[in-house]
Amino acid sequence: MTRHDLRAVTELRPVQIENNYLMHPEGSVLITVGNTKVICTATIEDKVPGFLRGQGKGWITAEYSMLPRATEQRTRRESSAGKVTGRTMEIQRLIGRALRAVVDLEALGEKTVWIDCDVIQADGGTRTASITGAFVAMTQAIAKMGTEKPFAKFPVTDYLAATSVGKLANIGAVLDLNYNEDSTAEVDMNVIMTGAGQFVELQGTGEEATFSRTELNELLDLGEAGIAQLINIQKDALGELAVLIGKVEA
Amino acid sequence: MTRHDLRAVTELRPVQIENNYLMHPEGSVLITVGNTKVICTATIEDKVPGFLRGQGKGWITAEYSMLPRATEQRTRRESSAGKVTGRTMEIQRLIGRALRAVVDLEALGEKTVWIDCDVIQADGGTRTASITGAFVAMTQAIAKMGTEKPFAKFPVTDYLAATSVGKLANIGAVLDLNYNEDSTAEVDMNVIMTGAGQFVELQGTGEEATFSRTELNELLDLGEAGIAQLINIQKDALGELAVLIGKVEA
Amino acid sequence: MTRHDLRAVTELRPVQIENNYLMHPEGSVLITVGNTKVICTATIEDKVPGFLRGQGKGWITAEYSMLPRATEQRTRRESSAGKVTGRTMEIQRLIGRALRAVVDLEALGEKTVWIDCDVIQADGGTRTASITGAFVAMTQAIAKMGTEKPFAKFPVTDYLAATSVGKLANIGAVLDLNYNEDSTAEVDMNVIMTGAGQFVELQGTGEEATFSRTELNELLDLGEAGIAQLINIQKDALGELAVLIGKVEA
Amino acid sequence: MTRHDLRAVTELRPVQIENNYLMHPEGSVLITVGNTKVICTATIEDKVPGFLRGQGKGWITAEYSMLPRATEQRTRRESSAGKVTGRTMEIQRLIGRALRAVVDLEALGEKTVWIDCDVIQADGGTRTASITGAFVAMTQAIAKMGTEKPFAKFPVTDYLAATSVGKLANIGAVLDLNYNEDSTAEVDMNVIMTGAGQFVELQGTGEEATFSRTELNELLDLGEAGIAQLINIQKDALGELAVLIGKVEA
Amino acid sequence: MTRHDLRAVTELRPVQIENNYLMHPEGSVLITVGNTKVICTATIEDKVPGFLRGQGKGWITAEYSMLPRATEQRTRRESSAGKVTGRTMEIQRLIGRALRAVVDLEALGEKTVWIDCDVIQADGGTRTASITGAFVAMTQAIAKMGTEKPFAKFPVTDYLAATSVGKLANIGAVLDLNYNEDSTAEVDMNVIMTGAGQFVELQGTGEEATFSRTELNELLDLGEAGIAQLINIQKDALGELAVLIGKVEA
Amino acid sequence: MTRHDLRAVTELRPVQIENNYLMHPEGSVLITVGNTKVICTATIEDKVPGFLRGQGKGWITAEYSMLPRATEQRTRRESSAGKVTGRTMEIQRLIGRALRAVVDLEALGEKTVWIDCDVIQADGGTRTASITGAFVAMTQAIAKMGTEKPFAKFPVTDYLAATSVGKLANIGAVLDLNYNEDSTAEVDMNVIMTGAGQFVELQGTGEEATFSRTELNELLDLGEAGIAQLINIQKDALGELAVLIGKVEA
């Protein structure tokens, strides 16, 4: 059997990252992964949350949302419902945690970077697209800070990208699931890795199913290859800013 | 004195309406008015609110939101705050009420049209851009209903568009205020009119200021002229659907 | 056809403003407009909202509510529902904005005037009655401030009153709609004006209907005449305080 | 020492109950106890809460609120705060429970009586004034039901009134505390009794103090005498409806 | 007739208080009263609520909750419901108020003692068990403060315990109602008393019933006897800390 | 370097599972893992969520909470805060999802099993202890259903247990982190596995750090060994019910 959109099991959907998408934010991109489209923005705030105050360190925090008709059926706005769903909270925490893994918070200084990921159109993989796009928006915003007051060490220490892998009935392990695949997958795993090929986060879930150690290894192989391609696309999107990643000025 | 963006006092900002902007909704547009950009979608729901049940009539309701970085300073998400602000509520009610004025709710039948207006980038006039864009998205969605089961009478009875007019110190009455103008205007008025040149809604506010009957008439003249231009742009955006507006099939 | 309560189309309902209605507030009135009764109080608070701090300016803010049985059917309390409805928010914002148009916020100094309008009995026109009554309560409260520490310039610069006008089927334009008229009106317009005959706010709404420029002018004529009468009643209610309005002490 | 308002320790404040105070509710009173003023309304709803459905029994439920400036300092609205305080909840539950003690819920049939007590002006004893006033409003509303469809047995089986007693330093036990007394009392007790002299509810609280069995008896003696006077005032307010209380028609 | 668990009408259920039940809190007990089990903890916080700041006085505040399956039917979590019920609020306020009656808040200094009562298993009398247990946890926590910085006067001035009494059909007045008795009692009364035999709080409620002065006296006699036994159990649980209660060091 | 509690890197903390801990729930355990203590209960509800209605399938859902003083510092109650934190939501979703992986929802029939995990004392690993304990409580509750109406196939198809593994500076990979270790770990991974040695969920997070594929494999080896020991303890706790797991009756 083949995938219903005819991709190879090792093939990402077409990915584009459009830079400086909006006029107001310090960093902003529109990331497109197949039919999934997410606007990611980065805002620099001149203070840190209470638990970090006075420690000379910065913070990265993220919020995630979907437009009501990003999905096939209209989803009720969380502002109308008066509360944020568990799914949204999980994703927000994941995005923030992942980005912090490649930022030297001391080099950043007492600033908060607010990441906002707003899904305009959803077709699977919105959280991984958000991370991949948010990395670029965040890097832009931090680079902009540096033009005003140069960093001794550039706070972004490495690339960071994310993708999903999963196990489909009759097909097996595949890379970058779209919504159709995601909703029927037996195993679904999000892989977040750095430019150096290290894991930052691994979340594998059997959906009313389970997976063996062998299957795990197959999925990780696919994920590693996909991440490497995504990081190349991020490099292109960053253009001349790419040289800053991991740079120690002194 | 001239306007800081050099427009004539009678001049709209450049307006574009991009049709079928998203893959999932029954109707969707991206409307651009100068630097203001709003995604408007229309969703058909197969039931009506409780107070209308069993009366053979439909309903139009609207929700409005801004991305956190649609604005120069980041705005806190209403979903995080856990409640919708008064400003948002006012705008939502206005959009729904305005659209209902040009829809024959009995011809629509027991359906609800959900309008979602999400501001991607804000530079003044987001509520009037939302109404102008939402009219096109709503018409598309209703036309799509008609392709499945033709209407005896097309429910959209006339065009509807909105713009703002205002009084600026040292300049006087102007059409279509951008954010810079809006935040310093002495008088701010939203005008919503039909294709037939009738008023649907008029909201004029002196911001810690007042206005005379003569000034009111000047503002209304500007508004009428602007609305006529906007309706022409809506016609172009609707293309062959334009013929349906006000049509009685029999 | 005549109005069902036999009033002329140009006739207000009987209006009374009872001063110093309550023992605790700095200013308080019971305003009666036909069967509509609203308690309006004014409270002076010795600070301003965050966005005004340190600017030497004051603020006027309003809250509005209805007793559950002010209406024919019992309305659920907003405190039980846990949130304020859109209608309430609109009205609160309108009352505050309107009053600010006749107050010199710098002359007021760094104080907030809290206006509370609580509808005891509703028969149409509760928001306009609230504004007309709140003006008197606010003036009393500010005058009381002045007895403790005289103002160089009295902060209330002019009178302010509000009424509704509308278009009824078979009757045409009428002044001061009661609930029965309001719920069947084709056009409903709130007019807020100053003692000098300037507009402060104009909100005209076609309820699933529209109105022409000619009809607009008819409605405005009625509104202007009604406002003038209401301001005379305010003057009587204020008694010797009336002389303070617009007064520059020096 | 004497009470600061010169009352005897056994003396109630002046009490008035104004009947049919509002036009819409089935029952409504304005009760005045000294400077405390409460509007009490009763609404008949044609259903019962879920836990009673289908049992042929009715229910009595109460809501209580204060206008923001009923008090010397402005109190924040519970609708703005988005939640009801513990104090309000306690009072609401108390009012409903007390009234149910003198209503035969089976004779009432599957109806809910909603009691709303809104304090217009507070000077101590608002919860007991609410109960005393609500009894009259409730009886009116139930009597009105009976004029439409006569009851085999009138559901209100006895009178019900409430007052406070307390222990003041240097004075000892007193009846009907005003705010000044209440806020300095060592012991505060609410007594709710029937026309037959039975207790319905007794809530005595030492405020950072305690009381002996002897003191308790002194307080109860005062309360019993006060209740008897309040019930006479209720009888006058009810007029010819007074004959219905406890009546078995057959 | 006899009680369904064969107790004498004057008999408490078996009571145990297990000290130092948890590792983290400054004070903690597991109190067992028959099948009712409550974990009570006391936390010392180094500040006081706003209304007490700078007065040199402390505060005692309490929170109460039940595990969802403390009850026979699962109770929805208040955190899921997003709000605390009226019953919970009443109990929380009662626990805090009662404990404050035996604490010299000036001797405590500017500290808040947070009491948390979490019902693990409920079989009637959870609020009175909470008070009896919380007294021990609070005393432990305050004694621990004293080991770090000795008090001139130990802030806990007397013992405090609580129990319920009630009137059962066919049996009459009984002490310490379990759930089965509580849910059918005609009268239910909570009695809170000190070691000196003074009342702190008395809450008697006729549940769709009433009670006479004679019945009240019978109930109070039972309550007094029960409280004396509970205080002996508290003394045993406190062990060598018992000597601190009411102690003036100097 | 050795672990601060002297355990081998491959050593679990002492684990006990106390069965039938509470009188009311259909299944209940107290699980102790070192100093971490969690009460897990299972409740059978005779219906399913809306999205499953009429499909002949059951559902497992979980709620998780901590007593305020389960932790070293008092944590604010989520019921007081009026909302559930993101951390709590993540854990609740994880517990439910994991348990569903070993339950045949069709064999269960149209029932919901509510799992409640309430942490009494926290010292790291509360979510994994919750899963391990909840498995036993759930199995008991389902077995009890079976005694009333035997299952054709017992719905619990395999064992399920969870533990944490992590990477500590200077020590490397370790099994079952306590709070002290967890808060300083460079990598933290939760492993959830079945009796058959399959993965159900894998969540590995670099905390401002990353991990290589080799390190991942080391962690998984430790986790697999720990899970096998936990499942043996579950078998002992279930006693004669153990034979039911995975049983097909026919």
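Some points to look at:
By letter and in written order, the chains are A, B, C, D, E and F; residue numbering begins at 1 in each of them.
Going forward, a residue touches a chain if its C-beta (ideal position, glycine included) is under 8 Å from a C-beta of that chain, and two chains touch if they have at least 3 such contacts.
Nothing here was measured: the structure is a model prediction, and the numbers come from that model.
Contacts with subunit D and subunit F are shared by E.
The chains that touch both subunit A and subunit F are none; no such chain exists. Fewest steps needed to get from subunit C to subunit F, stepping only to touching chains, is 3. Two copies of one sequence, subunit C and subunit D, touch each other mainly through matching residues, since over half of the numbers at the interface are common to both. When subunit D is fitted to subunit E on its Cα atoms, the angle of the rotation, on a 0 to 180 scale and to the nearest 5, is 180 degrees. The interface formed by A-F recurs in D-E: of the pairs listed in A-B, C-D or D-E, only this one shares over half of its residue-numbered contact pairs with it.
For this pair, subunit B with subunit C, the centres built from the Cα atoms lie 29 Å apart.
Rounded to whole angstrom, the centroid-to-centroid distance between subunit E and subunit F, based on C-alpha atoms, equals 34 Å. Centre-to-centre, using mean CA coordinates, subunit A is 60 Å away from subunit D.
In this assembly, the C-alpha centroid of subunit A lies 52 Å from the C-alpha centroid of subunit E. Shown for subunit C are the residues that touch two or more other chains, namely 82-83.
Following neighbour contacts from subunit E out to subunit F and onward until the ring closes gives E, F, A, B, C, D.
Those residues of subunit C that touch subunit D in the shared complex are 22-25, 28, 35, 39, 41, 43, 45, 63, 65, 67-72, 74, 77-84, 88, 114, 116, 118, 120-121, 123.
Residues of subunit E that touch subunit D in their complex: 83, 85-87, 89-90, 92-93, 97, 100-101, 105, 189, 194, 196-213, 216, 220.
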